[in-house]
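Each chain gets a letter, A, B, C and D, in the order it is written, and its residues are counted from 1.
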Amino acid sequence: MINKIVESIEAAVADIQDGSTILVGGFGTAGMPFNLVDALIAQGARDLTIVSNNAGNGEIGLAALLKAKRVRKIICSFPRQTDSWVFDGLYRAGEIELEVVPQGNLAERMRAAGAGIGAFFCPTGHGTLLAGERETRVIDGRNHVLEYPIHGDVALIKAHKADRWGNLVYRKTARNFAPVMATAARITIAEVSEIVELGGLDPEAVPTPGIYVQRVVRVESKLAKVP
Amino acid sequence: MQRMTREQMATRVAADIPDGAYVNLGIGLPTMVANVLPQDREIILHTENGLLGMGPAPAKGGEDWDLINAGKQPVTEVPGSTFFHHADSFAMMRGGHLDICVLGAFQVSEQGDLANWHTGESDAIPAVGGAMDLAIGAKKTWIMMEHVTKNGQHKLVRQCSYPLTAKSCVSRIYTDLAVIDVTKDGFVAMEIIPGLSFEELSRMTGAVLRDGRVRSVA
Amino acid sequence: MINKIVESIEAAVADIQDGSTILVGGFGTAGMPFNLVDALIAQGARDLTIVSNNAGNGEIGLAALLKAKRVRKIICSFPRQTDSWVFDGLYRAGEIELEVVPQGNLAERMRAAGAGIGAFFCPTGHGTLLAGERETRVIDGRNHVLEYPIHGDVALIKAHKADRWGNLVYRKTARNFAPVMATAARITIAEVSEIVELGGLDPEAVPTPGIYVQRVVRVESKLAKVP
Amino acid sequence: MQRMTREQMATRVAADIPDGAYVNLGIGLPTMVANVLPQDREIILHTENGLLGMGPAPAKGGEDWDLINAGKQPVTEVPGSTFFHHADSFAMMRGGHLDICVLGAFQVSEQGDLANWHTGESDAIPAVGGAMDLAIGAKKTWIMMEHVTKNGQHKLVRQCSYPLTAKSCVSRIYTDLAVIDVTKDGFVAMEIIPGLSFEELSRMTGAVLRDGRVRSVA
């Protein structure tokens, strides 16, 4: 019998290795897996590469992971926010490596990783600093840049409901990167607010089929805005 | 001469958005356009964090922090809205399906090059978000910004001095002084606020400006 | 006000031009837009390029369009079926051009067209006849083939329900290619069994947001298996 | 010697599919595996036309022609199933998420090359379907086929003479005579049906065959 539900959040993250690349869901605080990130801090893995849209808000979640000096490098689209002082300080002190990726490329590169696409040409970023030394090509008269997949060792994501097969549904814009990250990581761990019986989700409306999910843990959702 | 207020600028942009258009409003100034959309048109707003059919801000106390816009402010959903994940959302944008995106800018060049993500200062922390995707993705990219900086420096320029967001992507610029089309012949003033002459506007513009206004037969 | 609902199926297909590339939904008969294809036959456009998974079943739908000699070329993954005699006859008589594309590439190339991807590298078909003269590249030690988007002038698809904004939901495996084709065509026309009020579809469960749909027409679904 | 029936072959394949596996069964012979899956294991079937969690054929009269498998036969959905579109379905396959796919074949070479889509005859109508995607997409590609053709010709060969579906993709072959692993050293017989000697099996195999059977200490 398939049962991806893990009883404790500590067990869910226990085997995360030093040096891992970890995809962390969320756009700002919406969809941010706060409980899993807290568990990762407690677990102690270090020298991590984090892939996430932002670089932490306030002093919680990713910001707390950064503050604990566990992160070697962050790949994100928008590190600078009004409440990203933890990241800002580390960056200015030269204590963290930053790779800025256009948000659409961030999503599409993880989608490529999950979909078996070796690389793709896309117009975004052509002629800008972020295209860097990347290969370019004119296709149909338009400039394109060659982009490669971003694979994760682990994805930490938040969903609304799950069943024991790992099928996940989300709430509103908290969906954001989670379904894409789930496809791009070797091990996807989801924190959810509710577990339903198998068959309790509408099969026409499951953004993340369970094949992409290895572990599910039920938690109290931290919905409130960062203070 | 009375410069347009931010609200007036938003209203001016909104007036040009046709019924039935799919529109993405960038963070900052363009977000204000959502509040002044013409009531007699159905305009569908896209937010790149995964919602088509975004509604106005919720009443105080009605915030749902799972329902936010690209600026991370709480919003609402309208009937007919749909949620999707980030790759699908950017596919919608980058695939050319949005009719219009409205973005802020530091500088726009007479070729339509856009600089709106990085000041180029050496100690600045770069942060691009969806700007590069938006600039190249929509059928039309409009810019909404002050005509000159607070210090009076040009923002409409021959060549952007700031790092580019995208080349040749801007088709129209709405400023607090004028509406300017970006054409293959460069900047063309289509409207100028009352009390400001074309010559005065030209001096506040860092590249050749042509006069494209339709003159009324007086 | 947005109202994509067209009163007659004749009006829905009236402006389809000779020489168009038409993406036709369906996998076998599931999701096949029989009513729209019949309307296209009546409309009379010719010299068409058809992109569809199969090349028609029996004497109806695509098979009838082929039989009416309206199709110059078909791009599909699996033309040969037990009931594809119309196509088989035309092909053997040299009266139709065939491009066989692996099914995953067919789907992904249309997805690329809809998503603004200029080209992508993928392992499928490497070292086979179907890779033909395509560009290849070794990425991460694996052979890949470069594939280009397939754009449609028109997509004809079948859905289950729609609203006046063109939001579409599907039934079970009749979904198949339709959501992908809707993104890849300039004009997407959907036949549906039911029209609901705006707000009548669950916003968490709409595989085809209305932005991808230009026209919707209500019809009696032809669900029955081809005789 | 008694060749295995198709049902016996299906049962033999099914026995090797572990609990919790995600599996795609190709059209034709492999489809039969669905009917003989061990009752004490939860095995989730993928069908590339957009369903994960495919169930058995419906009772007569209960067919829903919107719910079919890749062979276009009516099927059912099990609790926990999910539907998705074709690009998502092939992303699932091509992204390496399926544990096993079981395919039929014309020929398999000792390098694991697969030929199963085209006989190479000049008047044949080519039709590939999802075969090339399946062959390269799953973590393991297993083949289920007769050991030799009806005319006694080899199907396990040194080099495929038919056009390839994919190179170096097959890891195991289940025939009506044996279970053969495809290793870097070529074909290795892991099981042979009772009454057939290794030497006889070798003669029916068009490439070098090694004996990999575990001998019981007699």
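Here is the rule we go by: a contact is a pair of C-beta atoms (placed from the backbone, for glycine too) under 8 Å apart; a residue touches a chain by one contact, two chains touch by 3 or more.
Please read all numbers here as calculations on a predicted model, not as lab measurements.
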Between A-B and B-C, the pair with more C-beta contacts: A-B
Whole-Å separation of chain centres (CA-atom averages), chain A against chain D: 35
Distance between the centres, which are taken as Cα means, of chain B and chain A, whole angstrom: 29
Chain centre separation in whole Å, for chain D relative to chain B (CA means): 55
For chain A, residues contacting two or more additional chains: 108, 111, 115-117, 122-123, 170-172, 204
Residue list for chain D, restricted to those that touch at least two other chains: 77, 83-84, 90-91, 93-94, 137
Listing of all chain pairs that touch each other, if any do: A-B, A-C, A-D, B-C, C-D
Footprint of chain D on chain C - complex, ascending: 27-31, 53, 77-81, 87-88, 91-92, 98, 100-108, 110-111, 122-130, 143, 170-180, 207, 223-225
Residues of chain B defined as touching chain A within the complex: 47-51, 63-68, 72, 77, 83-87, 89-91, 93-94, 118, 123, 125-133, 136-137, 163-167
Contact set on chain B toward chain C in their complex: 19-20, 22, 42, 44, 46, 52-53, 77, 79-84, 90-98, 137
Of chain A, residues touching chain D in the complex: 1-2, 111, 113-117, 163-165, 167, 183, 197-199, 201, 203-204, 206, 209-212
Contact set on chain A toward chain C in their complex: 108, 112, 115-123, 137, 139-140, 142, 144, 148, 169-172, 202, 204-205
